[in-house]
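Encoded as structure tokens, the structure appears first; notes follow it.
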Amino acid sequence: MIKIVVTENSPVQFKKNWKFCVGTGRLGLALQKEYLEHLKIVKDAIGFEYIRGHGLLHDDIGIYREIEIDGEIRPFYNFTYIDRIFDAYLELGIRPFVEIGFMPKLLASGDQTIFEWKGNVTPPKNYEKWSDLVKAVVSHFVERYGLEEVLKWPFEIWNEPNLVNFWKDADKQEYFKLYKVTANAVKAVHPDLQVGGPAICGGADEWIVEFLEFCDIEKVPVDFVSRHAYTSKKPKKITFDYYYQDLVENTAMLAEFEKVRGLIDQSAFPHLPLHITEYNTSYSPINPVHDTVLNAAYLARILSEGADYVDSFSYWTFSDVFEELGVPKAQFHGGFGLIALNGIPKPTFHLFSFFNSLGEEQLYRDENTLITRRRDGSIALVAWNLVMDKGTGFEKEVEFELPVSFNEVFVKRQTVDENHANPWRTWQEMGRPRFPDKTSVETLRQVAKPLVRTSRMKSVGGKVTYRATLTKNEVTLMEFIPVKDETDTYIGLDDSLITSY
Amino acid sequence: MIKIVVTENSPVQFKKNWKFCVGTGRLGLALQKEYLEHLKIVKDAIGFEYIRGHGLLHDDIGIYREIEIDGEIRPFYNFTYIDRIFDAYLELGIRPFVEIGFMPKLLASGDQTIFEWKGNVTPPKNYEKWSDLVKAVVSHFVERYGLEEVLKWPFEIWNEPNLVNFWKDADKQEYFKLYKVTANAVKAVHPDLQVGGPAICGGADEWIVEFLEFCDIEKVPVDFVSRHAYTSKKPKKITFDYYYQDLVENTAMLAEFEKVRGLIDQSAFPHLPLHITEYNTSYSPINPVHDTVLNAAYLARILSEGADYVDSFSYWTFSDVFEELGVPKAQFHGGFGLIALNGIPKPTFHLFSFFNSLGEEQLYRDENTLITRRRDGSIALVAWNLVMDKGTGFEKEVEFELPVSFNEVFVKRQTVDENHANPWRTWQEMGRPRFPDKTSVETLRQVAKPLVRTSRMKSVGGKVTYRATLTKNEVTLMEFIPVKDETDTYIGLDDSLITSY
Amino acid sequence: MIKIVVTENSPVQFKKNWKFCVGTGRLGLALQKEYLEHLKIVKDAIGFEYIRGHGLLHDDIGIYREIEIDGEIRPFYNFTYIDRIFDAYLELGIRPFVEIGFMPKLLASGDQTIFEWKGNVTPPKNYEKWSDLVKAVVSHFVERYGLEEVLKWPFEIWNEPNLVNFWKDADKQEYFKLYKVTANAVKAVHPDLQVGGPAICGGADEWIVEFLEFCDIEKVPVDFVSRHAYTSKKPKKITFDYYYQDLVENTAMLAEFEKVRGLIDQSAFPHLPLHITEYNTSYSPINPVHDTVLNAAYLARILSEGADYVDSFSYWTFSDVFEELGVPKAQFHGGFGLIALNGIPKPTFHLFSFFNSLGEEQLYRDENTLITRRRDGSIALVAWNLVMDKGTGFEKEVEFELPVSFNEVFVKRQTVDENHANPWRTWQEMGRPRFPDKTSVETLRQVAKPLVRTSRMKSVGGKVTYRATLTKNEVTLMEFIPVKDETDTYIGLDDSLITSY
Amino acid sequence: MIKIVVTENSPVQFKKNWKFCVGTGRLGLALQKEYLEHLKIVKDAIGFEYIRGHGLLHDDIGIYREIEIDGEIRPFYNFTYIDRIFDAYLELGIRPFVEIGFMPKLLASGDQTIFEWKGNVTPPKNYEKWSDLVKAVVSHFVERYGLEEVLKWPFEIWNEPNLVNFWKDADKQEYFKLYKVTANAVKAVHPDLQVGGPAICGGADEWIVEFLEFCDIEKVPVDFVSRHAYTSKKPKKITFDYYYQDLVENTAMLAEFEKVRGLIDQSAFPHLPLHITEYNTSYSPINPVHDTVLNAAYLARILSEGADYVDSFSYWTFSDVFEELGVPKAQFHGGFGLIALNGIPKPTFHLFSFFNSLGEEQLYRDENTLITRRRDGSIALVAWNLVMDKGTGFEKEVEFELPVSFNEVFVKRQTVDENHANPWRTWQEMGRPRFPDKTSVETLRQVAKPLVRTSRMKSVGGKVTYRATLTKNEVTLMEFIPVKDETDTYIGLDDSLITSY
């Protein structure tokens, strides 16, 4: 049995950088009703402040078009759809973390595309027209939403230009050029608008160094650095339906955060914020790990410790409404989403929701535990039992000794594990229906809720001691809430007079 | 261990008489937002077809008023509120089972009242004016809702006239007079409108006999007989907050049903329908038994077998929004409701919801079990483990052998017991807050859901065998659903490649 | 023709004191669904910040009750309903302006009541118990909603104690005693809570003077002064359905505001805020004037100029869901409401809505006109043509010359007059159905909208000149909005090619 | 002045064939939130029973995909999106009129596409795979929605195969082959499913004849004939933003209906139903005529008389959420929709809504008028004043003499004309904002409502005479409703006592 004794040492702040931003499939999907329903669920329960996704300038949203008049080509900017999308975000209380990309076909220098939805990843064939486009788009945002609002939106230039499938030839100098032109276009609208990059994926951190050198030497504006992080190894098997990978240790991701922070600290811009604008276990949208309880248990430590190093880290993505590999082919298909199709929360959704219940005062932290105090004096802790081995068992007993300033304690414990809040397992039992009927969906929603257990304790000497067993890959939220007991106010109360009680 | 073997004998119909009607606090409460929210929850989950409550003619709804013009008194009928109320019912898809009463103050012959809301229970001081009132009200219903609709509404005359607190001196002859005048007034609007009585409470069944004799001899119209049933003994303790009673066996209620059916069969009107227009364990709205799991386990057999004897039986009541003893004084206070204040379902709500999942083909029934088949071939059963003794333990193991026509079975089991779907217990742990804050309410809603367990089985030889342990006073719904397994359609599926799986 | 020339002199602020507060029927009605629907309509369109009504301590909400234990009487405070009510207000974004009264029956020294709902208007029989009650109630508010919130709620002691029907014998010294005890009880919960009185109706302003002297001499806390104002003369005819009165000039109300302000200025508390916690034309809830267009035209000047004298003035009341004379007896019945039964806005609703469209910069004001500029540079004005004479005609032509900083002007004009936004007239044509069916209600909703006329103008020399005819008792909102013309961006636009255009 | 005298001759039935079906942009748009909001508005007000659109098999919905396994290509059918779409339709109470097309890229024999969204219009490269796809899709519908439901869905094969841009080379024999294979595939799922074609546009009615001959000779199943109809002439001017055309007389469309009906009558299948599965004035989605009042006045006669010839005619389309020429480029852009972007109804929306208010008993009809009686005895008529000439004036005075069985008449008249319910005009005044802000949208919604005028009349000798002036292109609904006058029930009513009244 593990024993955790929390004392009243000087507490530190638990920073909620983990809820600053969340990822989304291409922005065009935000026109969909189901997408917006999922986003509302996520916003209500977790409260992400920003949302980031690809495809702002993709042709499905259709911002850029050209007209020929008297033999001359003129740009036409169409904001019908992007207005609808950003209106919807802001109505839900979530702001865009704007990723500028990909290339409208009419401006593209090549025809290389990515994803089933064919995002064009080639440089502009005409940088002046590109700059005009960026200015027009950002100006429109300022006009529609007001400068005060848009000053709060970070603008990130492109996505993972260090990968050949996201940026033609992964041409670094071409990216720097794109960055410079784009950043200057944004700043031309207003100098206080925030721009940043290089939005690289992991494994190429020399880009960070060179990017900052470039900005320094070329006097290019940069307000933040961005980077991605995934912890999956090379694929073991790839099929039509699934992409299987193992994971490295979750500490590897924290180490990456720290390393990049260090690179910035040593640059000419040591105080720049660092935003991890994408992270997850696997980078594949058909890796079943995303549907598992393990995924939640694995990420718990990242949420707990990530803010030590980075200003934000943005889970990729909030919903399985996602089309990078085409229309999702089954109820559960290994998608990135916190919410599966048909509005069914996955275990990782609850991980975020649990963290959202924590207080801002951090009393204790270890690799499996995070203990906080809330403003009302109650204690809220999340504990997890990450087990990356196969097989059953692996239960862990933990005893928490917690300092409380009240005598009577109401304990509320919520559990996500293999047997609770695990709709994926029930779906397997159902025979893995790809397109479940309404009754099955209703059952999946029912089983997708955490187990809730409540009890009542007394504190002794300013302390309460609670013992819990954590099953394999369980993630649990425990709340220790002061009781204002009113039992005595019930005149003549005598439960023993109730039949069978 | 109990073993239940269900064979393919000729099945009988499971009649849903238990969902024909539900009781409500005085109709004036139906103006309230919270009342209507509770009614929607109940209607959506259970689907009651009718609703019945007191107070149609009570002065809070204010239908009857008088005007003096030129020294002459004229009636004024005000339908502002009753229109709102019946409109709301019909919009929710529930029809009124109309109870005609109590007496408007201006028509009352005395000032005896009942309940904190002071329903006047004296005979009319002028039967002609009373008759005019009834005609005016029923005519208004026909005008507003159409004859076709109103022909579906039963009209029941008064409530429990055999009790001195509900009808002055429990004067039987006066009641018969009231019945005759009222029934004739209703029929004067249209002869096919349905009228009935005598709406007595238990313990006075000679009223039934004499009432039917009266109708026979006096040629008074009668389309149904109505009666109430409660199974609580004399109070053991009565306090400001609570009213404690023990319960007789639940079979006693069934015996009462049967007895009254027999009385009708032997009357001059042997084919009249019998409606139990109120029933519950205790007749007190502050008896904590209503909040318990026992209440559900106790009533299960009534729901299972009641239709053997009666055409409907109407649970009293759907909601704790109820004022017979004044404004409810606490979150849980022993109210009749299926739904507690703040929209929290009680165990008995789930009993009804479980029964609503049953099929119409009854395969097996005993005193603790009801097994049905649904149209899609799935089996749905409710089982319960009623324990009226105090103390812990009392677990019961049951093995069900069920005939199924499919090989693979998805089993979904829902459980209500002391530890699940029992918000009353959690509320005790919280210190019984009378007026809980929003956070506590949210917790109570969370714990008010049944435990859902799912699994997968194979049938052998057209049979599936399922073993279950029922805890003390558990009520459980089990569904055995054919599986259309699609697992093979996932190309290259190999769960073993998932980390830790 | 009247010509109004607005020049760019130094503008003053148009204070929105008229939207600080609105009146309501007894608080217990706030449990009703329809009441809350009306309040939402009013809040969305007008944005009142506070709501004030009678009956906080009336027995329908049931806060005060007593228990006898061991021969001793103990108070029991029941917050079930008041929590629901204040929760609902705050969810709609409206705060309570708390009126403390009337007397719970168990605390009353007599049985004098007011209204069909029988509010007890006698002094407490035990001032200590009364003080305890007030402390308990206010403490509960602080506990449930937080001190920061409750510090924003004014507490006003009683209602119109200068009238014998609202306060036994209109006993001034007894009121002062009540005030002192109550104010001290509120301050005992927290000294920064705001208390005030004497909430008198007009015609007895010596109460103001003596009340402030009393507070000064007795060192009784007072944070604001409150008073009511109605402008109707003695009744001409009173019937079961209606109460007919003529009105004095609307300037009489402004004169009363000014007079009371002067009395305070000359008191020992010269800086105390003055809240007119009720005003309207007639004080009768069955005076048809409330349903007329005249009512809106008459009150326009009060809204325009009231803030010259008083810190707030609270229209009595927002909705016809109101029971002082019992359940409303017809769709239109002369009720106070801005919203009639079935959610139908009356002309005066639009008056408030129009004022809510005005800017904060007041450019011009006369007795029929109020002209403002909004932050975006647009001009918004309300004009009215009050005609208290009978007969047709009375049209008025007005020319507005307005200073604008833009060339192209989009003009939007909304009109309420005898023929538009006048559902009362259409209802008369329908045969005055007391309880209209859904189709009729739908028609009434349709005709209850203002006529909207739009046009396009050019400004000349920084001015735009607009000519309007105002019909009898018209109230009109005109908005002059800068146009950003995009017509030229439509390539090849040629409307003449459209058939028939 | 025109005088219309309606006598009590034997009335005929007014058939509501005009509301059987409505058109939609490609089905994939039905995932969008705004699309569904518009559909709900239309369904609530007009009640269309079916909806028909292109793109069921287009790759954005993604039903057809292929998997290579062990060197063999296997089809994969993905129903994720189509389930969402048809679920949404059925939840709104509208059924699919299923158009089978276009060609999934993987099955296409060529790469010819149509529309910005690139619907492939080439024959299948493998008819067996095509047949399998059709069977799979229809089988899935039957499985998900039940046979009873799907038997109510017509299946129409392809769209406008007589046009080279909708069907490669407009190859008739290839279409007949496609029809045969597809119809047989549908019938293979269940022989009672309804199939039809050839869904041609106008101007090629020899296709109808030959199609029916083909079905006759080849014993190919055919349950209905379908055809389209537009009344616009050749374009006068085509630009980036607009497509200008004149219109032929509206009677030309009725003549086409009649002609096709005749062709069927003379075929081997004389009793086949005829569905006009698309019609409108112009076939261009950027012709401003669709936004005009003229469009409504022009179509009125079609709605009035179309059912003389055809079993249904389906307005193309219900909403401007439509992408055939890409994302709509402005608030008003000449789209087909009854509802413009941002939920703003156009004049033609009200035409349909007015027709939906008519009764089923047709009392009178001429080219400008349709007069009906409703079940409650009220008269409802629609009149219109189509003027295809330019310029102002053209008012028309009409006197209606109508037979009524009641004395007092409430008249409700609704008007759509150049000055009312014409948001397009107000939008022009605003400067034609392409992407209007919320305030402007709110104004457009306000002005998009018909003018409502009400009055009261007496009938004389069983007749009521009503005189109306119709402005240019006005469409007006007049309702003559019996009055049940309750004025006398208001005791002491005397309106003359109201100030200024």
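As written, the chain order gives the labels A, B, C and D, with residue 1 at the start of each chain.
Rule of thumb we're sticking to: a residue touches a chain if its C-beta (ideal position, glycine included) is under 8 Å from a C-beta of that chain, and two chains touch if they have at least 3 such contacts.
Note that the structure is a prediction, hence the values are computed from the model and not measured.
When the contact pairs of B-C are compared by residue number, which of A-B, A-D or B-D has over half in common?
It is A-D that reproduces the contact pattern of B-C.
Hey, which pair has more contacts between C-betas, A-C or C-D?
The greater number of contacts lies at C-D.
So, what's the distance in Å between the C-alpha centres of chain D and chain C?
Going by mean C-alpha positions, chain C sits 47 Å from chain D.
In angstrom, rounded to a whole number, how far apart do the mean CA points of chain A and chain D lie?
44
Two-or-more-chain contact residues of chain D, please, as numbers and ranges.
Correct list: 67, 69, 240, 330, 434, 491.
Where on chain D is chain C touching in the complex?
Of all residues in chain D, those touching chain C are 236-237, 239-242, 244, 246-247, 288-289, 292, 294, 330, 387-390, 408, 410, 412, 425-426, 428-434, 443, 446-447, 449, 451-452, 454-456, 472-473, 483-487, 489-501.
What does chain D use to touch chain B in their complex?
Touch residues, chain D against chain B: 67, 69, 491.
Of all residues in chain D, which touch chain A in the complex?
The touching residues are 31-34, 36, 61-62, 65, 67, 69, 76, 78-81, 83-84, 88, 140, 144, 240, 326-330, 341, 434-435, 437.
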